[in-house]
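Please find the structures below.
Both complexes below contain subunit A, partnered by subunit B and then by subunit C.
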Partner chain A sequence: MKLEFDIASGDFSQAGQASSRIKKVLKQLQVDPKVIKRIVVAVYEAEVNVVAHSLGGQIIAEFSNEYVEITVQDCGPGIADIGQAMTEGYSTASKKVRDMGFGAGMGLPNIKRNTDELSIESTVGKGTCLKFKNNLNG
Partner chain B sequence: MKLADIIRHTEANLVVGSDLDQHDLKKAFSSDLMSDVLTLDTENILLITGLTNPQLIRTAEIADIEVVLLARNKKASAEMIELAREVGVVLLETPYSIYRASGILYKNGLEPVY
Partner chain C sequence: MTTLTPYHAIKVDPDKCIGCTHCMKTCPTEAIRIKNGLAAINALRCVDCGNCLRSCPVDAFYVEHDNLHQIEDYKYRVALFPAVMIGQFHEKYSEDQIYQAVLKLGFTHIFEVEQPISLLVNEIKGQVREADSKPLISSFCPAIVRLIRSKYPSLVDNIIPLKVPHDLAAAFAIETLRKKGIEREEIGLFYVSPCSAKMAAVKRPLGEKESVVDGLINMKDFYNRIMQVISKDQVEDTSELRKHLRRDGILWSLPRGEARHFKQKSMAVDGINNVVKILERMENDNVPDLDFLELKSCHQGCAGGILLTGNRFLTVERLQKRSKRYPFIGEDDLGCVDCNAIEPTLKGEPILPNYVFALDADRMKALEKLQKMDRILCQLPGIDCGACGAPNCHALAEDMVQGKAKMTDCVFLQNRYLNENKIDVKRATRNLENTWGQNRFDADCNKKGGRNEGF
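Let's turn to the complex of A and B:
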């Protein structure tokens, strides 16, 4: 099964809808709630990042019997220093994003913490592609 | 702690939710930082916050938080109420500050996450 979601830049009223839909699917697949929480927290952090920082993008969720693979691809602006972006506390978030309770520089580290396999590739001027994979059986 | 007791201790108004006996919470967390809420490993807790936007409700849904208490007379927007109904998050409003609500609930046995 494969689900695809378009994520609009700056549209916080829609932020989280893809994560919510993926959570419903995982519940229907009767995945353990603790496993579901790790996956959807990672997806939600990534979804908020696309809304808050990018020019828009897409989330693709592919489900098999054993794994869920998530691809988050955006259209830029890209991350110049991924190592710096992965540092807890480092953030380039706007005041608007911080006022919403995000932008504390905890998103990417939290994605790493909640995923079994994670890769990030980014090119400044082109975009960022984040892929992660979690075992559905814990 | 039963929902009815949380409401009684904090003089809260039940905005979304109906069954007062359904929820029996053991722990609470107070924060305006959703990034922090998303790092919690504990589920089925009370979140006490001064933040009022739809992302609060979405974060509660994602983080498996059953009940959200808006402190210091903050009012839930129509959008927040609609989303809370849709995703099954109980929403309360209290005139007490975060500090006062947290202190009273702690004193009455609602444990901290950390």
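Let's turn to the complex of A and C:
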């Protein structure tokens, strides 16, 4: 079972659609609510990241009996220092983005906190690929 | 918690229902389907919000209630109604006139549900102080509690496990009468309900073992009876019966009535469709830092209850005016009554999730069903017309994978199958009649619906 979502850059009003749809599927699979919450929070953060920082991207969710695997691929500036980006409170978000209530520098740390496995690959000037995986049985 | 068949106060009158799509389209949990030309409610999904009743053009939904004659079985007959009841009456009727009319109907005692509100306020404040995970969600509206259990199971722990106010009020009434030497067995406690959700909560309470009320009265029925006997003359003073009522109590069931006790760190949302949007955000951890969330299924809170008469905004206006005549809650609001005796009645049992939206308890099977749904959705037109008897294409696909519907229920697919000579016209007609009833496709100038609808 696979779901794909295109995420447009700068369209904050649409952020949350992928996580809502993924949430609905997880509920239909009767996944424990606490497990759902972690996944949904991580996907939502990833969605906002694509909207706020990239030039657009895609989220793919693959569901199996035991796991959900999320791939977030974007075109965009890429992350120069991943270690720094993983630090709570570190943000490169513009003032405009911050004024909308985003860009507090909690995105990637929050994703890490809410996922079982996380890998980030990024090439400056090209884009970022984020992969994470959560066990559906907690 | 034991599993019982869910009880719902809302029923469909088969003689009145014309099998249109209004209720089906407005149901927030997609609990309604049209079968054989009639609306059928899925009891597992229904949360008793009453949207169907509001949207019905022919008034085919009704709310089950007890007969007022039942009060005659008791020596002491207590009318227990929420303060919102008074808000329905035109300003020309005084509270004394309304109270006197209730006594005329045969009741010996009158209690407004919100009288012991100070106990509730203190208890909720205490729970909010001690909570690890905030915001706490009010358990005041039974439709919201049911909605969260089924659709937002991750949030059940945020619901404050308290009994509904009418149970506390019943305990308060019984305790007050006990002080006067009246035994419980002699009392008939009749709760006048503003909505179907509270009716269902009384019959089959959530978060508590059994309800303490002896009978249920439909507020619409009650209002009509009061209007038949109400006096327009000066009547005797009944204010003694309202001496424990406070401003906070009168406002409790209105928007922000609960939230106002938590100042800025609270939010109040009314209208079930608005509530759904907030709960979705809350699941995503995407709400501001709040202590308390007041959620009410009806617009304008209980003033918009489906069993109230008149305009909800006028009702709110009158109640706000009325509340100003009463003091705020204070220390010894309940006077002679022993608070220790009724406080234990406040706490309910924890509320557990109810996974009615899961496709299958077995994850492998659920995944297969999801994939099947995806394939079916490729075939469906995606215009959500409702002609299949399900509210939208997605719901039809779900019904199909659950074995409750078939491909030919979709009129678009059926047309394709006809063109491809896969089925004949006779069978196609029969399929449609299964959903919409016999003779549904004949011309009939007198049929209800269409031009006869009351819009």
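In this section, the second predicted complex is superposed on the first by the 138 of 138 C-alpha atoms of A that agree within 3 Å, B and C clash if a C-alpha of one lies under 4 Å from a C-alpha of the other, contacts with A are read in each partner's own complex, and residues count from 1 in each chain.
The working rule: a residue touches a chain if its C-beta (ideal position, glycine included) is under 8 Å from a C-beta of that chain, and two chains touch if they have at least 3 such contacts.
As the structure is a prediction and not an experimental result, all values here were calculated from the model.
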- prompt: Putting subunit B and subunit C on the same copy of subunit A, do they fit or clash?
  reply: clash
Message: Quick check on the superposed pair: does A:Met100 touch subunit B, subunit C, both, or neither? Answer first, second, both or neither.
response: first
- prompt: For A:Val40, is the partner it touches subunit B (first), subunit C (second), both, or none of the two (neither)?
  reply: both
Query: Can A:Leu29 be said to touch subunit B (first), subunit C (second), both, or neither?
result: second
Query: Touching A:Ser20 in the superposition: subunit B (first), subunit C (second), both, neither?
result: both
- prompt: Is A:Asp74 in contact with subunit B, with subunit C, with both, or with neither (first, second, both, neither)?
  reply: neither
Message: Under the stated touch criterion, which partner chain does A:Phe12 make contact with: subunit B (first), subunit C (second), both, or neither?
response: first
Statement: Among 131-139, 203-211, 239-247 or 329-337, subunit C clashes with subunit B only at 131-139
Message: Please report the subunit A residues shared by its interface with subunit B and its interface with subunit C.
response: 16, 19-20, 23, 33-34, 37, 40-41, 44
Contact footprint of subunit B on subunit A as seen in their complex: 12-13, 15-16, 19-20, 23, 33-34, 37, 40-41, 44-45, 48, 100-107, 110, 113
- prompt: In their shared complex, at which residues does subunit A touch subunit C?
  reply: 1, 16, 19-20, 23, 25, 27-31, 33-34, 36-37, 40-41, 44, 63-65, 136
Task: Over in the complex, which subunit B residues touch subunit A? Could you list them?
output: 32-39, 43, 51, 53-56, 58-59, 61-64, 79, 87
Message: For the complex, give me every residue of subunit C touching subunit A.
response: 151, 153-156, 280-281, 283-286, 353, 355, 357-361, 363-364, 366-367, 369-371, 374
